[in-house]
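For reference, the structures are reproduced in the following blocks.
Two complexes follow with subunit A in common, the first pairing it with subunit B and the second with subunit C.
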Partner chain A sequence: MPQTLSTREANLFRTVIRHYEDKQYKRGLKAAEQILKKNPKHGDTMSMKALIMNAQGKTEEAFALAKDALTIDMKSHICWHVYGILYRTNKNFDEAIKAYKFALKLEPESVQIQRDLAVLQVQMRDYQGYVQSRFAMLKARPQVRQNWTALAIAYHLDGNLSQAENILTTYEKSVTSAPSKTDYENSEAVLYKNSIIAEVGDIERALTHLESDAKNSLDRLAVMELRARYLAELGRKEEAAKAYRALVERNSERPEYYKRLVDVLDIPEGDEAVLKAVYDEYAAKNPRCDAAKRLPLDFLTGDNFRAAAKAYLNLMFDKGVPSTFANLKHLYSDQYKRDIMPILAEEYLEERKSNQVANGDSSKGAGAALYFLAQHYNYHMSRDLAKASSYVDKAVELDPKNTDFHMTRARIYKHQDDTQKASEAMDHARSLDTRDRYINSKAAKYQLRNNENEKALATMGLFTRAETVGGPLADLIDMQCIWFLTEDGEAWQRRGNVGMALKRLHTIFNIFDIWQEDQFDFHSFSLRKGQVRAYIDLIRWEDQLRDHPFYFRAALDAVKLYIEMYDKPQGANGVNGIDGKTTNGEDAAEKKKAAKKAKKEAQKAEREAAEKAAKQDPNKPSAQKTKDVEDTKKKDDDPTGLRLAGTTDPLADAMKFLGHMLQFSPKNIEGQIAGFEVFIRKKKYLQALRCLKAAMTLDKDHPTVQEQITKLQKALDPILDTLPPKVQEVISLEFTPAVAKA
Partner chain B sequence: MDIRLLRPSDIPLIQHANLENLPENYFLKYYLYHALSWPQLSYVAVDVSRPPKTPYDYPKIVGYVLAKMDEEPTDGVQHGHITSLSVMRTHRKLGIAEKLMRQSQLAMVETFGAHYVSLHVRVSNAAAIHLYRDTLKFQTEKTELKYYADGEDAFCMKLDLQPIREQVREAIAAEKAAAGGEASSSDEDASSDEKDKTGGEDVDEGEAVGDVGRDPAAKPKKKKTGKEAEVKVKVGRALGVGELVERVATKQSS
Partner chain C sequence: MADRQPPNVVEGATTGADVEDEMEPVAKSAEDRKAAAALSKLDTHGDDDAAAPARGVDQEAVLNAMNALGGGAKGADDKKKQEALKKVKVDAADVALLVDELELSKAKATEMLKAHDGDAVKALRAFVAPAF
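The block that comes next holds the complex of A and B.
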């Protein structure tokens, strides 16, 4: 039976709660102890104590105590609530939901429990549960618009569009006075409703609604874009054209507007002159507009193209626009266009020969044309590295101090597979403009490509925040600098330092976890802000978060590395390296050295961090805060990845990365190929077969896919009879005919 | 090149562009905070010329402007603020930064009724200063000593958005006129009058407050911006949106 408290202790209990809320943990604990001295089996107090301990980072003790509290007082909503909070702060949202549900059953009127539960449900995409929660919250407080919008969102996410619209309409009808014009919660809610009507597919009604209800919307761009789209979809071409013209006027650098405009203008197929006239009008109207001049290059052909491309290139070279090549390279899928571009650039050089020294800026005129030609011959679709080199040499001769020229030189070396020279050239480019982080980043990247991890980190350190505890690397991790972590990991991998490589790849994995959790606060924040459409976009994107190439690249690296580790277990040298392809003594020595050095660096960083923390003025709130963060932040007890490299089950570790890869990027053949390799080693033949079939659908002529077919056959032949009949059946149904086709 | 509104799915590559280009970095959540509080204000420039490498490629961001409204304006005047703006070195000289800024400024006025927009720039960043001062016509308000983490000073710059406000008002009026309808147009007139009034006041007050109020306004602001510099780091690095809002609240109370 739960104990009841005396008045004095009941008051004390309230102070415990207050201290917790004010983050006065020590005082809170003291007060809790006082109560427990007299009432050692008071569940609520035990729970509060657990909550405070959790906030202090004593997670395990907190859980143990909270469990004890629950066994003493199963009927206390506080105990269940605390239990839920503990799970929530430790990111176990499923268990948190269960606890919250118990708490809510015991205390159905609690606004806080209901609200917390709702957030957990939407975070975990339990949309039906979310609908229920939001319904209850609306019933409790129907006068708040947020609650109506929230329920509509819940229905929307659950796929019930008509109910979502109904809810929004019901609220609108309940309002007697017209909302103010600067009420952007209202403005946004109206556009949200409009997006739902359009999502149902009723474009006619969406347009009517937009023109009547959203005419005063504060998001004018959204209204203009939606209206233009609806008109076009409804075939009201003349009005649509007008609407798209208005959009081009507003933002003349959005290719989509031109494209849609042209679509509704009914221009006869292949009439390039008429088509170009549409763009020319805007080019003339707005001399600073780039799109209107450049976009016709996409559809023009033959001499029309030649003339337009020449005019465009001349203009760009005269202005010295460094992105000229980057903005035209998509044209290279057309052989004619690809071949004519260097000719035009050469013509330009010829024509300007007489006056090339006239202006002092080397990025303009001849310099720009040479730069373009160097990039042209460096690009994979028009590659001739000798020519590229000779053009970049000429450009450098023109201006030895131009960073861009040297940057391109480095890129040419990279394509010549000379990572050493590439690294040096990029670092030289960097030295010409030491205030620009872009070139600094490139220099670091090229150093990593040349396996110079330590040097690259020092280069990065020129721009990271000096005061971050733990140095440049800690800052890059804090700031979620994925590209560096990936390149650094890959370089360590090439150097044979499996531990460091895994360390980086796992860090990237963790960053994606953070990105997924980042949405948590926005479930309630966005309702307060009223920006609903952006919130829906966020939810949709978060659902696909790990289809990002950032994730895929790191995950594929990790899976491949784990496969290698499985095939070639760790060597006897004790260094966290694989013995695989690099068994000669020199490499082993270098690996040993690298590991030693990394360990030393980590120790040094730790020492410095400790010193720094000690030096901080404790009176300064900021210093205090960092200290707190440091206190609660778990120390990295495996900075060089030794433990990761020492895994006894690399294939299980690979699964951690592989699952998301296959789930979110199934159309990437590299993922399927890697999946096959993991599954066949795990003797999961059906899953291996599934990957193989997916790969075959994507590209059955892929050489590795062909190898894998044979591999699977060889693996299956001797054991097929021993497999369960069901598995045999699937294999004969799925594999045999697939092989026959391949 | 494509210049368009930022979407949440762009953010990893916006963050990437920021990390490549600038020393002031933020974690992903801070970008989300902008994208979900003022989704109309931030724009990106996308390189649409790259052939996709995988079926899952995201648009390659080569430039962005990350913008916000000041949530607690010390001068009580609604205004926008540029948190971060950058364009990749490979895509400079195309006027991208200017175009991004102009789109953002228009939306600041239309959606949030901004009267001006402010920003900080390193005193050594000649290219950016040229863009703000000469191309976009920003005014330098003052110099903020040691604003940046590495000790460099910042210019506080400000652009009066009055011309855009008038332009927007005219555009709305023209739309209403085109839509016709006597009854509704008189209704609109009344309200746009109201707007005119506030707008008109600004013209006067804008100058007056600007001169008379500049110094007194600058002082608390200086303090505040000092904190804001902290916030920039903190918020950029703090844990959550919740904390962020709390900070703004405490800032006001302090």
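The block that comes next holds the complex of A and C.
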């Protein structure tokens, strides 16, 4: 039953809402208390109170109160809505959707609830639900274009392309006046429709549509690119060539344009001269253009290559382009090209010996060639570290103050496995240019490779924001500096500090979670801005987020660490933050000491925090209060990862990382191998078999894979009869023949 | 978060508008209404009314088009497929087996079984086979 309030209280209730909106939580609470004094069982007020408490960071109490409110007033959409909001702020989106749906049932007219629900549905990829929500929203307000576009997007994401196009067309037909030429929303919507037509595969129609409807689109480049692509796909090569030439004229540095231009030119296979002529034309037209000179090196062979490479190298050395080697190493998969590069660089040195052009700048001329040679012999496909050293020495001799030269020297040390020297050399390079963030980061990375975590953090601290609470590390986490966190975690792992290593790896995991959540705002924002095509790209990118190599690396580290922890359970004292590589008596004692120290420190920090909290004036203005709330939210209650390292079920924790890893990077054999190790320890033989079969498909001669086959056989032999009959059957059907083949 | 959000993005969570809009039917004082109007202009979540037809839209045509669309129904093909799936009988013991062995949710396990005609061995074999 709806509970009614007296006029006075109803007014008070509105103040509660207003205070909540203005983030004046204390006042809001006060007003809510006033109502509750007279009507202690008023569900809506209780819900609002819960909402305010949640905003103050008292999540658990808020949930309890909201639940009470619901039991009192089951039929109130406010109560259900608040419940949904609570779930949403705590990232439990599935439950939030349920609560919103209930609220909507009670109050089908609420635009607000409907909109929130729709956003949640698309966030959770419930596309069918999203279609329904969007349809309801369109029905409520068909005069707004956004609602039409949104419904089309919903159908599009749900895979119903023809309906998506149909929706867009329907709207276009219902418009009476022609859209203005500067209408950005219209321009984007038309191109969006075009992309849908192309996605269906009807290129002919996409081209027609593009040439008629999207001709005046504001995104000229997109129209040009699409048109060229469609023409090429339709085999209208002459027109396509013309279109691609127009694109090259517009931007002569984009390799893709050249490649596609060449594709439609029908050049006979292996005719390098004609091919090169295409590039030469643009190189002549744009003397400063790099792509037209660099790209031919990819396909030229023999003497043609030699001549072109020589010209290119000479130009680059004369100019002193530091990235020359990085730009050319892709050619090294070709033996001939790999061998000829150093010869050309040597020739250059010989020729320049007589006429010094360096005029004081060591990065040009001879210096550049020596630098190139040092990198050449340092590269893994053409490695000769002694030679690399001698070239870098010569380069340094030429100019002892050049950062790049010293940096290469450090890399050579690294490849000699002397991390100590490498770290020192890189730090020396850093000292030559303390305002260069790149070399600063490099120095920190080399320090981490040498297990100098504290030093590396100090180095990074030279470039982080000074005023960040929590110091450089907090800033690096805020800035989502994943490479640093990974390297730092791996260094801690090498030092045997499992807690810190896990801490960093979990931080990386959380950063990917944040990226996932970041899209939340864009469901409505992109629509409002009319940037629909970019939005679709975003959604598709988010769906593949965790196939990122950064994620894979961190996840693999974590899984391996957890397997190690499972195999070597720690002593009964329950402190396994510090894990020595060897477990002799001395180490154990040290471990205990270190753990004790860490515990003490943690307690001290806790005490300090408590004192700080106690000192706070309870009657502070609300602005200060909200800031405090933020601070407490940010505070890390396990800064050294002791709790993470103290897990009782490492395999379950490993699953958190492993699931995504296997789902998004199934073709990485390292991941499958690690997955097998987890599953066989969990005695989930079918899942282990799945990883094993995947690994066998990827590379059945991999030594670890062979080992794992035996391992699984050995594990299964004694217990096969005890497994459920259907599992036995699957194993005999899938495992036995696979082994026979291997 | 690395970058500042565009100023007019409202953070997804507990924005004031959540409840504010909901309350609108209740009459407010004139001052309140003014404030609310100002608020909804600031808060771009409350977009639709402000963005209302900037160009001529043929209301009638839109409504007709709406009706022609029909209740957001799925394509006929999909429906048939789904109904066919619904009819597949699934043994509870098989669901339990899949849940235990593959560590899936019950719903997922049921879905998997249904996709393989309720045959647990078939479903498990498909699971074990590399997906690429």
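By our rule, the second predicted complex is superposed on the first by the 674 of 742 C-alpha atoms of A that agree within 3 Å, B and C clash if a C-alpha of one lies under 4 Å from a C-alpha of the other, contacts with A are read in each partner's own complex, and residues count from 1 in each chain.
The rule we apply is simple: contacts are C-beta pairs under 8 Å (C-beta built on N, C-alpha and C of every residue); 3 or more make two chains touch, one makes a residue touch a chain.
Given the structure is predicted, the values throughout are model-derived calculations rather than measurements.
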item: Subunit B versus subunit C as contact partner of A:E21, first or second or both or neither; value: second
item: Which superposed partner A:N314 touches (first subunit B, second subunit C, both, neither); value: neither
item: Contacts of A:F525 with subunit B and subunit C, given as first, second, both or neither; value: both
item: Contacts of A:H81 with subunit B and subunit C, given as first, second, both or neither; value: second
item: Touched partner set for A:T647, first subunit B, second subunit C, both or neither; value: neither
item: Which of subunit B and subunit C A:N160 touches, first, second, both or neither; value: second
item: Subunit B versus subunit C as contact partner of A:P142, first or second or both or neither; value: second
item: Which of subunit B and subunit C A:Q480 touches, first, second, both or neither; value: both
item: Touched partner set for A:K667, first subunit B, second subunit C, both or neither; value: both
item: Residues of subunit A at both interfaces, subunit B in one complex, subunit C in the other; value: 478-480, 514, 518, 520-521, 525, 667
item: In the complex with subunit A, residue positions of subunit B that touch it; value: 1-5, 7-9, 12, 15-16, 19-23, 25-29, 32, 35-40, 45, 47-51, 53-58, 62, 88-95, 99, 103, 106-107, 110-113, 124, 149-150, 168, 179, 191, 230, 233-234, 237, 240-242, 245
item: Subunit C contact footprint on subunit A (complex, rising order); value: 10, 14, 17-18, 20-23, 48, 51, 54-55, 77-78, 81-82, 85, 88-89, 107, 110-113, 115-116, 119, 128, 131-132, 134-136, 138-139, 141-144, 146-147, 160, 163, 167, 170-171, 173-177, 179, 183, 478-480, 514, 517-518, 520-521, 524-525, 528, 655, 666-667, 684-687, 689-690, 693-694, 697, 724, 726-727, 729-730, 733-734
item: Subunit C residues within the subunit A interface of the complex; value: 1-2, 5-6, 8-14, 16-23, 26, 28, 32, 39, 44-45, 47-48, 51-53, 55-59, 61-63, 65-66, 68-69, 71-72, 74-75, 94, 97, 101-103, 120-121, 124-125, 127-132
item: Touching residues on subunit A, where the partner in the complex is subunit B; value: 181-182, 184, 215, 218-222, 250-251, 253-256, 288, 290-291, 294, 319-323, 326-330, 333, 363, 403-404, 435-439, 441, 463-467, 478-484, 514-515, 518-522, 525-526, 529, 531, 533-535, 537-538, 541-542, 544, 547-550, 552, 622, 625, 664-665, 667-668
